[in-house]
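Presented below are the structures under discussion, each in the form of structure tokens.
Next, two complexes with chain A in common: one pairs it with chain B, the other with chain C.
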Partner chain A sequence: MADPRTHRLRLWSSGLTVGVILLAVLLVPPLVQLDEQAVDLSRKLLPPSWEHPFGTDDLGRDLLLRCVYGLRISLLVGLVAALVATVVGTAVGAAAGALGGWTDRTLMRLVDAFSSVPHLLLGIFVVALFRPGVWPVIASVAVTHWLSTARIVRSEVLSLRTRPFIDAAVSGGAGRWRVAVRHLLPAVLPQAGLAAVLMVPHAMWHESALSFLGLGLPSHQASLGNLVQNARSSLLAGDWWPTLFPGLLLILPTLAIAGLAGVWRDRLNPRRRSELML
Partner chain B sequence: MARMTGRRALTAVPVLLGVTLAVFAVAEASPFDPVKAYAGTAGLTASQENLDQLRANLGVDRPLLARWWEWLTSALTGDLGDSAVMRRPVAEVIGERLGWSVLLAATAFAVAIVLGTLLGVLAGRRRGGLLDRAVSSAAYTLEAAPAFWLGLLAIWFFALRLGALPAGGLTDTASDTVTADQVARHLVLPALVLGLSQLPWFFLYVRQGVGDALDEDPVRGARARGLRERTVLTGHALRSGMLPMLTLVGSRVPELITGALLVETVFSWPGIAAATVTAATSVDFPLLAALTVLATAAVLLGNLLSDLLYGLADPRVGFDG
Partner chain C sequence: MLELDSVTAGYERRAPVFHGASLTVAPGESVGLLGPSGCGKSTLARVAALLHRPDAGRLVLDGTEVRAWRHRAPRAQRTAVGVVFQQPRTAADPRLTLTELIAEPLRATGRRAEAADRVAALAPAVGLTPDLLGRRPHEVSDGQLQRACLARALTLRPRWLICDEMTAMLDASTTAALVAAVETYRAETGAGLLAVGHDRVLLNRWCDRTVDWKDCLTAAP
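What follows is the complex of A and B.
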């Protein structure tokens, strides 16, 4: 029930945040050309200052730079995982909805079974057996995140199947496959796209939890989760900044993407104006 | 109602069977080798003959389905195999840790329900008001904040800066007995962090429920009869506003387990969630498999519970569906 003014404010603030994050992540590494891994023990654990806005870590590395690189890796893993999960989910959901009957029941039982295992636990299980690395992490995020997309796409397909334009296509002589690819798929794409965008922060969160537990990315590809994990010993010695900033950088894109996706959802379903939902 | 409970419990059986089979299938497909894991560094120097003997002793040379069936039948008699990392039977490890996890999760859930209901009623009473906007924004931020990060910041502030509460573990390092007041002191921070990580969801549902209920006829009727504002809020609006939340309480078990995995690890709490992470880092398959199945069973139980609660709270809901 947001009035137009807060609506526009939300669009602008979220859009600006996402824009700044994307610019930083894309432009800083090639432009700055500093080594974020360069160790300088004479500057270790400096609190935030003008020179080092986020301070330095226990090996004297600039935390702002490390956070930008970490965010870049987290975003990349999140994007790829969300993309894989969306493609799988859309395929399963569309197949279940369009084919119906026995296929539908089997696929949906599968979705139910998958959702009975807590996501992070399933992810931990997969990563533990396939050893940590970028691809196992992406696979473990994807394997736990396609379920909701499959459900959304299936219900969308089911409601579309009874629409007149599908009847028209069928009576015009279009086959099953043609109806699915030319008529059903384009109609569900906006919903699937929305689900994919909303999944990115989720996937980032999942990856950072795995990395924090020491089951995620290797430490030379430090994501935000790795940074928090590395900061644990400094934190116990009383230095808060190596822990605080990576976490804040995880919250910021989540809120901004949720804000943008909320605006997008309101455009898709104008009758059901949503409040900001995560 | 007993019939419905029975039927739901029966539908859980194939799901559990499927999950156990999937657990074995994933292990089969992975590069993980139980023989190497069992032998450890000794496996590097052992002869091929000894390794083959070990493979036969562990029973891992047999096909996937045979091993799964054997695990399943012995699991039903309470034998879950031996944990490689703890060097003890899995059932024993789970048995002594389960209680601590339940204590932590139950306390955290209570914190989330009490705080969430209180804040939800206050915010739902005047939606769009200053209090509502402040608490709602905080709730969305909290929802986006990772639980392990919150836990670390809590340790820094309460244990290191203020020195008011212990930073982790179950008892003080100097003591070797477990006393109730020590456990209580060590429980505060992890329960608070786990509770806070579950809070946004409770809060948002109560707020929505109470806010919507305030516009409905029963509340208007209660106001017209001249009942006190407090009676209207707690007796009418909250009661019908809590209903949608009740149905979802049981379905929050997965999130609670996810949170516990992170919070127990941060606070070195000796529960089963922390054991899961240990099992995963050292690829302790028997322990990891048992804990995965246990968590799935907990999720299914939660789903059943929320169905039952909904039926009890709303007489219009039949149990035949």
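What follows is the complex of A and C.
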């Protein structure tokens, strides 16, 4: 358990960062009526100034605006992919753990099969099946990221299943479904939720990796991966700002969300929990 | 009758905890099963409660041989046996209030409407005051939680009651109160009792007859 002051500092700094990011991506696009695609070649590659705090890119587009739009797309992909992956992972893990036997063996071999392929490779395979766009990227990240949640939920369910309170429920006439919904799921939901939160930044990085490789979102669309990819040539010419700011915006939410997840994990910590419950 | 006939059971097929245990409880009878720690008496109790499938042997419940265990057993057969476990902490879902805990068997069997009346009748019978009923397991003592667990075992009015070391964790006055609650229930309903424990003095006083674990083992391995 971290020292309470560090703990509070982490909670506040992470919470504030996530709050500012959410406000920016939710409010800036509807309030600021500017086109993030507007090209102005007379203003290309201007360094950061008051007029363009993040500078402009090689087509003279304002990078601050493009970063906000990029962050919005990346967060959307991260959130939806993490949600889908967590729901699928929880369902598979709970089914495997609660039903046992052949169901368990079949599902876990499926998990092994998916894990045996490097997940970036599998992700590339999935996006290659469709036209470039947001949904193929979300599908690609979701398909490759439900595995760890399934494993976590299954092991949690396996350990819960042998507890006497499950015996008591069976003896009290509860069917399998009742035991799963009333007793097992509520117990694993905090763990699954934590896994989902930790997965958001990971999914964002995947979107960026796919876009950077040119396989993710269409290249005109502002996403953090596309911004970094487009900035490569300028970086070689010594123009650092088109790479730095999207890069920072990739790292900052990751650290902030990981910080929040860390606070949550401390609350789930068995020792802390036993202090609360016993 | 609750008849356990040459039951072999354990958690690993090649190394059962015990071989060929037999025990009979007549309707309305109370039987105490005495044995040292780790001998397998709790496992036998789980077999009798249809919670653990034996590797060999038969369980006959009111003239019907039990052929399926846990979820596979018909609900009427499962709920004919009420169980109280040794440790109330692990036997109670930490998310439910005591009221929900006691009412859960009725809700699980689709008789939600009867829940409020049944809880109101059972709580005083096991000595739970109304202010405790809204609390969750971590907000009550072991003794209070065990009272709720006993009430839960009685919720569906089982014809058989199995108390697996029910009072091992408790002080003398709570033990006396719980035994009295069980006996009141049995006097009203004529339910049979299998009390598993290691306290010879308690079981001798409580039960019509006590059986030593080694006398249950009829067949050689």
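The rule we apply is simple: the second predicted complex is superposed on the first by the 267 of 278 C-alpha atoms of A that agree within 3 Å, B and C clash if a C-alpha of one lies under 4 Å from a C-alpha of the other, contacts with A are read in each partner's own complex, and residues count from 1 in each chain.
We take it that contacts are C-beta pairs under 8 Å (C-beta built on N, C-alpha and C of every residue); 3 or more make two chains touch, one makes a residue touch a chain.
As the structure is a prediction and not an experimental result, all values here were calculated from the model.
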Open item on the list: Given the alignment on chain A, is it a clash or a fit between chain B and chain C?
Closed with: fit
TODO: Figure out whether A:40 sits in contact with chain B (first) or chain C (second), or with both, or with neither.
DONE: neither
Task: Apex chain A: angle to the C-alpha centres of chain B and chain C, given in degrees as a multiple of 10 - done: 100
- [ ] Give one of first, second, both or neither to describe whether A:165 is in contact with chain B, with chain C, with both, or with none.
- [x] second
Open item on the list: With both complexes overlaid on chain A, does A:51 touch chain B (first), chain C (second), both or neither?
Closed with: neither
- [ ] Identify the partner contact of A:178: answer first if only chain B is touched, second if only chain C is, both if each is, neither if none is.
- [x] second
TODO: For A:187, decide between first (touching chain B), second (touching chain C), both and neither.
DONE: second
Task: Partner touching more residues of chain A, whether chain B or chain C - done: B
Open item on the list: Contact-wise, after the overlay, does A:235 reach chain B, chain C, both or neither (first, second, both, neither)?
Closed with: first
TODO: Minimum C-alpha distance between chain B and chain C after superposition, to be given in whole Å.
DONE: 17
Task: chain A positions touched by chain B in one structure and by chain C in the second - done: 276, 278
Task: Complex interface listing, chain A residues touching chain C - done: 163-165, 167-176, 178-179, 182-183, 186-187, 276-278
- [ ] Write out the stretch or stretches of chain B touching chain A in their complex.
- [x] 15, 18-19, 22-23, 26-27, 30-32, 140-141, 143-146, 148-149, 152-153, 155-156, 160-161, 167, 253-255, 257-258, 261-262, 265, 276-277, 279-281, 283, 285, 288, 291-292, 295-296, 299-300, 303
Open item on the list: Considering only the defined contacts, which chain A positions touch chain B in the complex?
Closed with: 112-113, 115-122, 124-131, 201, 205, 208-209, 212-215, 225, 228, 231-232, 235-236, 238, 240, 243-244, 246-247, 250-251, 254-255, 258, 276, 278
TODO: In the complex, go through chain C and note every residue touching chain A.
DONE: 46, 49-51, 70-71, 75, 78-79, 81-83, 85, 87, 89-95, 104-105, 108-109, 137-138, 149, 152-153, 155-156
